[in-house]
Every structure is written in C-alpha cells, then in structure tokens.
Amino acid sequence: MKTKRKQVFVEDLKGGDIVDEMFMIADRIDRNTLILSDRSGRIKLVIPDEEGSDLIENLNVGEVILIKDGVVVGDPEEKYILLGEQSNIKKLDKSQVSVEDFVPSLAKEDIKKMMTEIRNYIGSVKNRYIRKLLEKIFEDRELITRFSNVPSSLNHHHNYLGGNLEHSLNVARICDALSRINDKLDRDLMIAGALLHDIGKALEYQPSHIIDKTDEGILSGHIVLGYKIIKEKIEELRSEGVDFPEDLEMKLLHMVLSHHGKHEWGSPQIPRFVEALALHYADYVDAHLKYHLQKVEEERKSGKTKWGFIWDNDMKKRKRFMLEG
Amino acid sequence: MKTKRKQVFVEDLKGGDIVDEMFMIADRIDRNTLILSDRSGRIKLVIPDEEGSDLIENLNVGEVILIKDGVVVGDPEEKYILLGEQSNIKKLDKSQVSVEDFVPSLAKEDIKKMMTEIRNYIGSVKNRYIRKLLEKIFEDRELITRFSNVPSSLNHHHNYLGGNLEHSLNVARICDALSRINDKLDRDLMIAGALLHDIGKALEYQPSHIIDKTDEGILSGHIVLGYKIIKEKIEELRSEGVDFPEDLEMKLLHMVLSHHGKHEWGSPQIPRFVEALALHYADYVDAHLKYHLQKVEEERKSGKTKWGFIWDNDMKKRKRFMLEG
Amino acid sequence: MKTKRKQVFVEDLKGGDIVDEMFMIADRIDRNTLILSDRSGRIKLVIPDEEGSDLIENLNVGEVILIKDGVVVGDPEEKYILLGEQSNIKKLDKSQVSVEDFVPSLAKEDIKKMMTEIRNYIGSVKNRYIRKLLEKIFEDRELITRFSNVPSSLNHHHNYLGGNLEHSLNVARICDALSRINDKLDRDLMIAGALLHDIGKALEYQPSHIIDKTDEGILSGHIVLGYKIIKEKIEELRSEGVDFPEDLEMKLLHMVLSHHGKHEWGSPQIPRFVEALALHYADYVDAHLKYHLQKVEEERKSGKTKWGFIWDNDMKKRKRFMLEG
Amino acid sequence: MKTKRKQVFVEDLKGGDIVDEMFMIADRIDRNTLILSDRSGRIKLVIPDEEGSDLIENLNVGEVILIKDGVVVGDPEEKYILLGEQSNIKKLDKSQVSVEDFVPSLAKEDIKKMMTEIRNYIGSVKNRYIRKLLEKIFEDRELITRFSNVPSSLNHHHNYLGGNLEHSLNVARICDALSRINDKLDRDLMIAGALLHDIGKALEYQPSHIIDKTDEGILSGHIVLGYKIIKEKIEELRSEGVDFPEDLEMKLLHMVLSHHGKHEWGSPQIPRFVEALALHYADYVDAHLKYHLQKVEEERKSGKTKWGFIWDNDMKKRKRFMLEG
Amino acid sequence: MKTKRKQVFVEDLKGGDIVDEMFMIADRIDRNTLILSDRSGRIKLVIPDEEGSDLIENLNVGEVILIKDGVVVGDPEEKYILLGEQSNIKKLDKSQVSVEDFVPSLAKEDIKKMMTEIRNYIGSVKNRYIRKLLEKIFEDRELITRFSNVPSSLNHHHNYLGGNLEHSLNVARICDALSRINDKLDRDLMIAGALLHDIGKALEYQPSHIIDKTDEGILSGHIVLGYKIIKEKIEELRSEGVDFPEDLEMKLLHMVLSHHGKHEWGSPQIPRFVEALALHYADYVDAHLKYHLQKVEEERKSGKTKWGFIWDNDMKKRKRFMLEG
Amino acid sequence: MKTKRKQVFVEDLKGGDIVDEMFMIADRIDRNTLILSDRSGRIKLVIPDEEGSDLIENLNVGEVILIKDGVVVGDPEEKYILLGEQSNIKKLDKSQVSVEDFVPSLAKEDIKKMMTEIRNYIGSVKNRYIRKLLEKIFEDRELITRFSNVPSSLNHHHNYLGGNLEHSLNVARICDALSRINDKLDRDLMIAGALLHDIGKALEYQPSHIIDKTDEGILSGHIVLGYKIIKEKIEELRSEGVDFPEDLEMKLLHMVLSHHGKHEWGSPQIPRFVEALALHYADYVDAHLKYHLQKVEEERKSGKTKWGFIWDNDMKKRKRFMLEG
C-alpha cells in the first residue's frame, strides 16, 4: 500500500485557511487542546468545549491524525487550528504515512555516510580491547538503529532524528584533531570516548519517532544509561573470553560519566584525566557551535537580515547575534 | 599470637618526647615526608635528606609501622616527628595489631545494635518486592561487611569506620518519621531509599581500614556504584524467578541517583517524585546536623568554651557557632 | 440574615457562559481591568473603555461584588469576563457572604484539631520559662486568631487561610521527631522554635481574608515582626514577675531570626547553634515537600496523568515531576 | 595614680629582642597560645608545654598583662614571643593603663568634632518628628558613648574605636549630597537613615575597649538591634505625648532593616523606597572606599611603593591596586 | 516649509479608534508586523497576509510614516493597529516632521543648561593636562552633539535622547561631592572620569534619533569606544606640542575601562586605584537611583497608588516598591 | 666576554648547603626578604634584621645577583636561603649571564619552528586584506620579538617565555581543524583571530625576561592593548593606500575583544558571530588542557605516582587527578 505524503506544512498555514491534512500529535495540553506537529513546526489545535474531551480521549502523543475542515485562526500573536461542528479527526496507522513528513530528521543517505565514517574511526583504533568493544557495540543493530535515529536534545541542539549520530561523529572528528595537535592525548581513548559518550541516548529518547524521552530516560538519564550499556557489553566480551582490563574499563566508564564536565551541568563525575577533560571540551564545543548555527538559521528564516536575537543560557537572556557572513 | 596495643596516641605527643610507638601510614607527601595516623589524629613524620627515599620506598598507605627513637619537634605551628640517625622504622604485619587503635571507628557492639535496628526496618516493609530486595542485599555478607565498616565521608561528617552504617540508619529513622507525619509519602519506598542510598560507599571506600577511596570510587563515585549494585541484585532476584516490576526498579534506582538533590552537589539526577525528594532532605539534614555536632565536639576538645568557629561550606568561610547547651 | 452562597465557581466557567455570580476583588490592574477570585481560582474582569474608570473607582481589593450579565470570553489563551452595556456590578457587604466561598481555606474543624495538638505540644515542654512564654502567646486570642487564619505564603506553599497554622504544626512534628532521633538536641527549644518561628506572619498578612501582605508586613517582614512579638511577650512576663533568663531570650529570638537559614534566603542571621540549625531544616523540609505535593495536585487536576511540570526555584526552570504514586 | 604608658609596640619587635612590656589579650587560641595586641598590631605568645595551662587559666580576653623577660623569636614566617623559665606574666588593672595604647582608636578631639557636625545635621532636619527622635536618641548619653566608641567592623573597614561614629557621619555627608543633587529624595529621611542605620552597633560590639562582639551582637546582629533601639525610643516619645506617625515609624525602621541592600549581604529587607535605596548606596560607597584607603595605607607601611595587593571580596582573591597618587 | 506636528499619541489610542497619524518605525518583526513608536510609547502595526511584505519592504527602522485609516484593535492583552483594505501607508521626509514628537527626549533648554554646568566643571579642573584634554574633547562639536543627543541605555535608565548627557553630569556632581567629603580623592581625576566615562556612547548609539545601537556599538561597546576616542584626542594634543604625561594617560584610560566595576558587569578592567573605584560607585549610584525613579513614575502613570512592582535585576524578579512620598 | 652559566639550581638545594650561585630577583616582600628565582623554581632569601634594608635597597626585580656563602635552611615546610655575617651579595650585569638560566623559556629552535608554522598559516589565508594585515603585524620585528618572548599567563598555563607564541600557534591549529570540520566557519577569520587574539600580551608583559606585567598591562589589559595594536596597523595599511573594509575591521577587532567569551572572565564583549565564538572555544580548550598537562607534570616531578591534586578554579578547590597514562 502506498504511503500518503503531506501536501501542506505548518509553516505554510495562514489565517482563514481550511485544513485537510495530516499531523502528528506532539503534546496534550488539556481536554480541549493538543499540540500538532510536522517536520516544519508546531501548531495548536483547539477543540471547542464539551466536544473536546471525547475526541481527544483516545489520541496519544506520537500518533498521526487526519483533520478535515479545521480552520486556521490568524491571531496576530499565534496561529491555531480551530475545530468547528463540521470538522473531523481520524487516527491513521503509521504504516500509511511517511515518518519524515512529521519529524525533522536527517536524510537516510546522510545517516549512511556518517555510519561509514564512524566505522573508519573504529577501524583506526589501535588498542585491541577498545576496538573490540566498539565493534561489539556498533554491531548491535537494534541498539545502533536507536542510537542513530534519536535527537541529541529536546530543543537545544541537533534536535532532529539522527542528531545524536551527527553530534557523536562530530565529537569524534574534534577528538581526532585534538589528539593530533597534542601528542600527550591517547587517540584511542579519545575516539572511543567520542563514539560512546552519548550511547545512552539510544535508551533516553523514544524510539517512536516522536521527539521525547522515555520514562527510563527521565529517571536515569543518558549518562547513567550509557554507563549501563558499556558495562553490559564489556561483560559480554568477558563471557566470550576477552580479558578486558579493569583499568581500561574504569577509564572508559569514567569518560562517559564525566563528559558533561561540571556537576552543575548534570555530570555525576568531573573529568579526572586529560582525555576525559578533552572529550568534555570536544562535546561542549560541538554542541554550542551547533546551537548557534541552528539559531542563526532560524532567525534568518524568520526574515531577519543583519542581526538576530539568540537566547544565551549563561546570561539567562537573549543576546544580539550577527546573521550575515 | 597476642596483638600489641598502642600506649601513646598522637594527641598525647609533646615537643621533646621520644617516640617508640606504632602508627598507620595515612599518606605519602614526598620523598622525605609521611603522614602518620592513629585513631586520635594525624602527625607528620620527617626523615632528613638522603635517607628518606630509601626508607620510605617500600612503605605504603594503610600499613602499620613501628618507630624507634623518633623525636617530637615542638614547632608552635605544628608538631612533627623527626627521625634522627639512631632512629628506626619497622613494618608490622596487620595481624599483630589492633585496627581500632589506628582508625577512628564505632565500637563492635554499636554496629551490632544498629544492624538489628536495620533488620527491623526491613521486616516492617510491606511491599514484598522491596522487602525481598532489601533482604537479598543485606544477606550479602561480604557487601554488608564493607558497607558497615566504611566511613560516610573523608572529612565532612561520620568520617570514621562505621559512619556509613550509622548515617544510613539515621536517614531511615528520619524517613520513617517523615512518612508518619505526611501520609502522602510511601513508607516502603522511603525505608528502602534510606537503607540503599549510600550502599555504593561499600565500593567507594577502601576495605583496608584506612580512610580513603578506591580507584573505582574516585572514577565512578558512590552514587553510580550504588546504581550498579542494586541493578545486579534485582537481576539476581529475577534470575531466581522473582518478577520484580520494572517501574519499581526505575523508581528505586532513581532515588539513589537523585539523593544528592542538586546537580551542583554531584547528583546525576534531581528528585522527580516526592519520596525521592523527601529522601534527599533526610540525607541532607542528617549529614549537616552531624557535621555541626562533630565540629562542636572538636572545638570543645581544643579547649574553647562558649564560642567556636566552624567552616561553613555555603558561605565559604568560618562562622561563629555556640558550643554550650 | 442568611448569607448567600456561591453557586458557580471560577474553575467551572466556560466561553459563552452568562455570569450572575459573586466574586472577591483580588487585584486592580488598571482602569479597565480587575482580577476577581473565589476559592477555586482567579479570572480577569474586563470593563470596556470609558465606563471602566467610574465603575471601578470605589471598588477595593478584598471587597465582594455581584456581577450581573457578564459574558465569559473563551479566548484559548485565557478566559475572562467581559462586561457589556447591560451588565451590572453591585458591591456586597461581607456580612452577607461566606468568606470560605472566596478564599481557599482550611475547614474550621481542622483548625480546631490542630490547635489541640499544638496545646499538647506546649504542655509537653519541660522548661518552665519556655512553657510560660508559649502559654502567654497562645492565650493572646487576637494574635492567635490572626496566626491561625493567615496563609504561610502568597503563592509558594500552604497558600490558603490556615496554612500558617498547618505549617507551624508540621514543623513542630518534625522537630519533635528530630529531637527524639538525636538526643543532643534540646527538645524544649525545638518545640518552642517550631511554634514561634512564623508567629510574625500574624502581622505580615492581611487579617481581611484576602491573601495579601500588610504595609508593615512588606516593610519589616515576618521574621523581624516575630522578633518584636516575642520580645514584647517576654517583657510582659517579666513585668508580671517572671525572671525570664536573658540567655534563653537571646536563644529563642535567634531561632526566629535565623530560621530561613541563609542570608540569601532573607535570613538576617545564620543559625549559630544546633537547635537553630535543626529548626531551619525542619522548616525547609516541610515547606518544600508541601510545595511539591500542592503542585502535583494542581497538575493532576489540570488533567495530566503520569508526568507534570513543576517550577524549580533553584534551577530557575520547570522540571518534569512524576504525578503517579 | 599615674597611668603607665607603653614604650615598645608590636610593630617594633625584632627577632632576639627581650620583651618587658604591656599587652592586651586579644584572643585565646589553646592552652599554650594567646594572641596579644596593642594599637600597632598583634603578636602570638607561646608558653611552652606544661606551664601553659596554669598561667593562662585566669587570663581573659580584654585584660592587660605585663610580660617580663619574654623573647621574640624571629621566625621568617611570623614573629612570636616565647616565654622561658625566667619569664613572668602579671595581670594589670585597667585603671593603671591607657586604653589608647592597646586598641587603635580615634583621638578624643576628633570624636568631639564629629559629634558637633552630627548635632548640626540633626538641627537641620525639618520634619519635627524625625528631629525629635534624633534628639531623643543622641541625648541618651550611655547609648551614644557606646555608639561613638565602637568600631564599624571587626576587620573590614573603620575597624578602630570611633570607627562607627566616623562612618555614620560620612554616610550622612554623602546622603546630604545625594539629596541636594537629586530633589526627589527626602533629605530628612536621608539624614535620619544615615545617623541611625548603624545605631545597633552600640549593642553589637563590646563596650570594653576590646574589638569584639557581644553575645547579643552575635545572635541578633546590629540591624535587628538598631530596629529594637529605635522602636523603644519611639515608644518613649509616644509615652511622653508625641503622636509619632505610624507610617513614618515603618519607613525609618525599614531604612535600618534594608540598609545592607541585598539579602545575601545579611539584609533582612531589600530597600523598598528610593530613600532606603539611596541610604544603602551611601553606606556601601563609604564602607568600600574606606576599606581600600585603609588597605592602601597598610600596604605602603609594609614598604611597598607603586603596586600593592588588596583582597577583593567579590572576586574572592587579591587584586593589584595602585598605592601612588 | 512648516513641519507637521503629531495630534494623537500612542498612549491615547483606544480600541475602535480610526488612526490618521504619523509614527516612527521602531522595529521590524516579520513580514506582517512593524513596531511603531512616538515619544509616548510603542504600538504594533499588523498588516494582513499577502499585502504585508510588499508594503513593508522599503520601510526602514528610524523612518517616519503616515498611516491613513488604520483601526485600533482593543485586545485586552495588548492594543495594536490593524491595516484594512482601505488603509494606506506613506513615507515622510524627516525634514517635514518634528523629531521630538517621535522619540522621548530632553528639552533643548535643559540640554543647554547642562552643557553650561559641564563647562563650569571643566573650568574648575586644576591639572592643566586634564583641563586641556577636556576642552579638546568638548570643543569637538560633532562628537559632543552626538554625546548629548544619545540615551544612556536602551531600556534601563535615562533611556531618552539627552539621557547620556544628564547622567554624565550627575556623575560629575556625585564625584565632586565625594572628593569634597574625602580629601584623599584627586578631584581633577574624578571630574575628568565622570565627564568622559560614557563618551563612547556617542559612537555606540545611532545618531538618527532612533534609540538603537550602531554596528560598531554592538561589536566594540561604549567602554572600548571611549578608550579609542580619548586615545585619539591625547594623540592630537601631543601632535600640537602638548607633553601629555603617559602615566596620566594610563590612569584616565583605566578609569574609562574600569567604570563598570566588575567583570561580570562587562568591565574589561576592575578599578585599580581609589579614584577609579569612586567613579565606578558614582556611576552605579546614579544609574540605579534613576532607574528606580523612572520606574516609580511609570507605575504611577499606570494608575497605581501606594505600591508598584519594579523588576530587580539582582534578584531576577519583580519587587514591591513604594510609589508614595 | 664569556657569559657565566649557573651550576646549581633551586630545585637542587638541600638543607645545610652552602650557596655560591647566581639568582634573579623575582619579588621584594619586605625589608628583609626577597624572592629569588631561576628557571627551575623560586626560593626565599632571608636577610637578618638591621642589615636587610641597606643591602636590599638598590636591588630591583629582574636584576641578577651573585650570593656568596648563603646557607640553605631545611625547614620541613619550606626551604630558604639565610644570609649570615660572612655572606655577600653582588649585583651582576645582565650581559654577563644567560637569561635562559633564570627564567623558564622555550628553546630558541622551538620558537623558530613555531614562527615558520605561523608564517605558513598566514600564507594560507585567502582574503587579501586579512593576509596583508597579518603580514604587516608579523613583519614588525620589535612587536613580534616581544610577542614571542612573553609568557601566556603569570601562573595559570604556558607561564614561561615563549608560552604566548606556543599558545597562539596551538589556537591556530585548533581553529584550522574546526573550520575544516565545520564548513560554516570562515577559515580566514578563524586563522586571523587565532594569531591575533593575544597580540596584546606583547605589551602586557615585561620585555625584561622577568615574568611580570607592565603598568600598561595592569591598567589596560591585553585585550584592549590588542585592540589598540590592530587598529594602529589597519590605519597604517590605509595610509599606505589599502582600502581595508570597515566591516572586516569591526569583525576582527570584535574577535579580539570577545575571545574571553564571558563578561565574568574579563571579556568586554561576548562573541556575537560564530567565528568569534569558535575562536573563544579554541582559546579556552588549549589554555585549560595545557594547564592540566603542566600540573600533571609538576605533580609527577614532586614524586607522586597514580593520583595527584590539581586546583580546580571552577570548584574553588583541589581535585584528584590521574597522573598515569
């Protein structure tokens, strides 16, 4: 059966438009309000009193619905879709639709290319224990499918499907460069740290193509989940006869546990050897540069030219930022 | 063979004294300087140039030595033991000495009494999964022996052997009281959280009766080590046929991961349900009250009467604190 | 004369409803806008241009009005009541209405039960000076009526009439428990500190059944007002021949002055003896637990099920918080 | 009986000197160590083992002693006086000595001149209630004698007898200037706030010519003690028939309660009207300028020429500061 | 040609009004929205879909437009002007209008009076190098015209044309007073520092009578731009034969570079001599007092009487502030 | 004339040694104490009372002296050289000695190699204005000699002669790598920013081979001095007919002004375009990695093996750090 593709996207909607289109349910606000989304953005759906609760009751976050005869209300503050008496909502089976219409995500070929580059990095690792561990992990198809199809964050940077993969690869590139510039850094540790530091995000985020966290993700966090995954994989290796050194295990686990760098940034450990420190910096630099590049892009799209405003989390206020160049 | 007992303790030493006594090695500063300790305190040992390195080379932290003919130098700033030409150092086997002479520690009977109270708390838990898990963990003799013979911190509070046990029990008492005062709190979760929140300290601290951390303790920390222990024990239960609920597992693990309350206090998670929050408060209150009570005691011992000075970690300075009453 | 009771509450209003109901005036925004409230919540009242200023001129915060023929406008962002040409506002005398319809408040019987428990705590105090002081203060009917009919805060925790009493009692329960668990704590000081630490709120909040502060409350604050009240009561005792000890006076006053624990939390003093410190912790724990329990309740009421969002004042952002269990 | 005057001061002592001189006891460290002081500085007194405790037992902080045959030990780190077998300590009656030899203090004539300027400021106040209150307070000889003979701080700024008076006057001068520059500021409130903001220091510091705090000073602090004094004086005025306005009372008390400006600086209130804010700034500016001027002077005395180092409390480290000019 | 004057100002507009009036363009939000302003405030202009982009394309910030037949929409949250099909926008030449109608600004005579007072301060400087430098700078008509026609900040304090001049003069008055009260302060340095500390704002803000920054202002900031201006002027003096001392140059430049006082307030230098410190305080006090006085005025205008709310930047929240008195 | 070379270095001195050796004067503490240094470390020189002041009077920081018959005192806390009656101090002319004996510094060949790599980077710049500016600056021999012979900091990282050059080059390497990894970054801007960001240190540090700051360095700082140098060089280019674009000038100056990244780190500007941000990160990463690598080296030298302690400036305390690997 052929999948249906979206024709009209959220960013195209204007006040007065009649809506006959598919959307994903991104959030449930209350009995009369849902947040809908597609890959271009989000829009509120308002269902007038009384009718709301029944219609909404069996709609869940992550499901795709087809709206008939909704109206876009052109409130200058914020557009929303209003359901009238004639309007209609129908739940669709996900097999009928194309996920990439609904969630911002990297193209399949890009993901493939990145995986190839990652495999090259793994192949370049000289320490055989580290290389075996990386191979073990990247051969686990279910794990790696999740790893390469989750975002890197909910709304900070790389917040699209595949973002986690892209970020992990970029950190590996920076770590590679830093270990070439500074010969005191052990390149094998750096590459392993880069490829594994966010492996826990495979379990932290929903596998369901909606950008949200799992319960385990909220309660344990990707850092501890990464610790868990690596520990399990090392145990597997050992059960297969590999004498994985305990010191190396402690160092790799520490790199995952300390990659956020500071306690106040949610790091259970601060980095306690130079490679752990360098990994933290590589992670920090890639995340923050990407955040600014994404925001510059968004400001430009909204029609601004020379100067935009970007939220600065350190200063807790928006800062002027140059969009040109 | 009868064990030898110490006659003279660090706190008794005066300038000019000749030292013929046993000490534990608490730290190695450099080629000419060791820190010695016994249960009453610490004192520096200075070995004059040249001779230092050889003598010290095969002495390790945690070993007990017998010093012959050392001299106490009565520097007004800080006393230290000086080794002269006639002086002598001899390494002793630990089986010949009494550990309690060298490390501040709770009395054996106190530890026993506390273990009984803990078992009563376990017995009072109604949720059978939680009770089974607690029993499983507290039946692991090797683990619990370490758990009840480590300190709670290096130098903040409960910093003596058995301190971890005393603190864990006190947190259970406070959790018990809070869940009686506030009926919205699930007492079973509170008791389990209290008894398990610092279980990871069993692996974080040296089992060797010297108050210091293990490599794994430094690199992973007691919070993540606690997570690891509990996860393993739940897997064991499951392998024995117990259908331990996943939700409950996540909640218990979260309580351990969040018990430091704030990221800046080294907590990988902030508490995300009320029992986790209440456990954090119980832990915080017991640790801080004990810290102040210990410091008041120390100030009194040093001869002060009405007012002493206690370091306040929030204000990053010493504060006047009343010693009376 | 029989008092009129409200039939329809703010939380029931829906877009399009015609309003014939009583509300209390909670705030005056500008010449055309009032904030109305009843015990279920708040709603804006908009009076179209021109007519606004005259109608509003002699309406004051805390007064009760009857609105005839207002219309609820169902703005998806925020509902409000709009006054049309036919609409009408009439000021009511407070004797005609039931205060509990307008302000969230504890039930009379609950307040009574709590007062009994407080009197039991007073009776259990062994130090005769402390007991006399507590009796003196809790016999002052005017003071205690205000004390037990004010909220504990404007919008943080226990923000309903009677909240101050409930919180003070809960702090006493925790102090009682802490002094049983830790025998170094003087229980009499702890109980007195608990019952008196927020006595100044009797003067900080309006006695008029509207949840707001008095001028003195804004300019001096409940901590200093508590100091003033206790100082006066001790002077009264002395004028009646009681030789109230100066040291004890200083300690009790200090407990009030330091119960916020840290300067940055508005505490003119930091706690300088263990009971003052323990009182601060008891206050802190009860306030923060209650805040979370209230917010969990509010999130559930708004229709959320597993996860809600609660503002975290430390992190200055909303955190996910579990609503189940 | 003629008082004895000091011949040799702490700042003159050199290694090897034999000491036959009077000192005040500034602090008791432990059984073998006292801190001695005179107006030029402080020096440690070390009494060798055994003999220490007896000799020291009945010596208290604030008392003056005569040392015979002590020896100055010229430790490069820090000089101290060592008591030998021949040495001797004799307690002196304070009537035999000159207080100004022992505590840094302003000259009597300077204090007189300042009191005259203060009286002129009081005379210039136009609001008769404020003027009466100021007269009432400055006529209380006991209070004002203490007020003008205490320091402004233990070791931050104006830390000499009379410092509180000098600082209060300077704040009045700045407040006077600010209210002339900015006509929105009520000059009467500003002058009263300036003269009264530190009145509580009269009770916070020891009257005994030793620079230390009283118990009440430690437990209540000068801000709350100032509130107490002013409140009592207004009550006195009322009992004498003056109808002191309540609003004015609240404003004056608020100025005292808020003059530290921020909660984290120990202020129970933040300033809530412009004169309270301006008073805080005047206090802040005078205290900080004086601190730097005093430290510049000290650095110069120690022999530095162009650049010195001054502790910066904001940055929590020493900063280079220019001594010239 | 006679200039047209505005008849109706933003603050007068009411829902339903038909707008035929001139406004300045204060900001461009997106293709359908502009922010208009006049000296009384700001209002949004909404141009319905499709037509927006064309109309707006060649309208730039700072230009004046005449709107025909716009309608004021009386949204209770926020009024805005809606352009209908009949509506019309026409760009006006600035020579046809009166700038003071569009931007809040000081009166011409006030600016004149202030300049006279500034010249008196310059005349009172005794050091001939400092006086020459001040004369050189204040004779540069183009520079000083900009200096005295820019605001002191975008929206904090003195945010109107001429605000920079008023603030600079006020700082000079405070510096003058401080140097009279404290004779350790070099008055010439203080006066020069006051008059020059914000000279860089002449280049930081737009000369075009719109309150916004220049690109150089955003990228270099007024502190560094002030450094640049003074450096150039000293070089000019030297090229004219004046032997301006290097030490004095360094001190004056340092006063400009350090006048924000702390790094976190954007100061590249912290003050390193007492006059630099005193200048920082004078700047701080005037800016903060003015901020509060302006906000009090705004709260009163909005109809509040006794208490208003003012944003407190230190506490990152609104504080109650008294409007009376 | 042949230069004399040092035979014995500070790190070799032991208690009891007789000293006949040359040292540089690193600091003057007081009338009896100097700090001496050579490339291996620092040691105190104590000159007994009386004689001190005369001897020291005409010795200045940065001068080299020859000590005859000093004695090393082996205080366990800290060694120092004591001058006796026979001892002697003689000032040497710098032409007689080898600077590299006294100050830690890079080898001449290393500096040469680095300069070659820098010239290659300059040659690779494509934008002709940027390349010309870099050539102009790096052709100024006096400037570049200072630039490549100063340290990068007093005691944080790269604190040896040549450290500034090494750090600047390393930042260029990282910037080069980042611009290859991320094609949105303009490589020319990145290379220029890297090579120029610390050009101001040429004027901030003493040219005299003693590691200290100049007066201008203390009062203006290297950031503003870098701004000054680049501005002058661009003016020179313009005076030679190069039409250097104003926009490019502003961007390059901004990169220098913002490279410390945050106001609290002394940055007058925060980065306002992506290349400025990336430059800040490159600077930050190299400085912090080097700091840790240097400290690891120092800890190892002091004889520690697995774990050392390194001061962590964020946490304001020492952290355990692994020395192996």
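Order of writing sets the labels: A, B, C, D, E and F. Residues in every chain begin at 1.
Just so we're on the same page, contacts are C-beta pairs under 8 Å (C-beta built on N, C-alpha and C of every residue); 3 or more make two chains touch, one makes a residue touch a chain.
Bear in mind that the values here come from a model prediction, so they are computed numbers and not experimental data.
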Worksheet entry | Contact-graph separation of chain B and chain E, given in steps at minimum | 2
Discussion item. Using C-alpha centres only, name the chain that sits farthest from chain C.
Written reply: F
Worksheet, complete the sentence: Taking each chain's centre as the mean of its CA atoms, chain D sits from chain E at a distance in Å of 42
Discussion item. Based only on mean CA positions, could you tell me how far chain C sits from chain D in angstrom?
Written reply: 41
Worksheet item: When you check chain D against every other chain, which residues touch at least two of them?
Response: 77, 215, 218, 251, 263, 272, 316, 320
Practice prompt. Spell out the residues on chain A that touch chain C in their complex, using ranges where they run on.
Written response: 30-33, 44, 46, 48-49, 77, 80, 215, 218, 316
Discussion item. Residue numbers of chain E touching chain F in their complex, please.
Written reply: 215-216, 218-221, 223-224, 227-228, 231, 247, 250-251, 253-254, 257, 263-269, 272
Worksheet item: Quick one: in the complex, what on chain D touches chain E?
Response: 170, 173-174, 177-178, 180-182, 184, 186, 251, 262-263, 270, 272-275, 277-278, 281, 284-285, 288-289, 292-293, 296, 312, 314-315, 319-322, 324-325
Worksheet entry | Residues of chain C that touch chain A when the two form their complex | 14-16, 74, 76-77, 302-303, 306-307, 316, 320
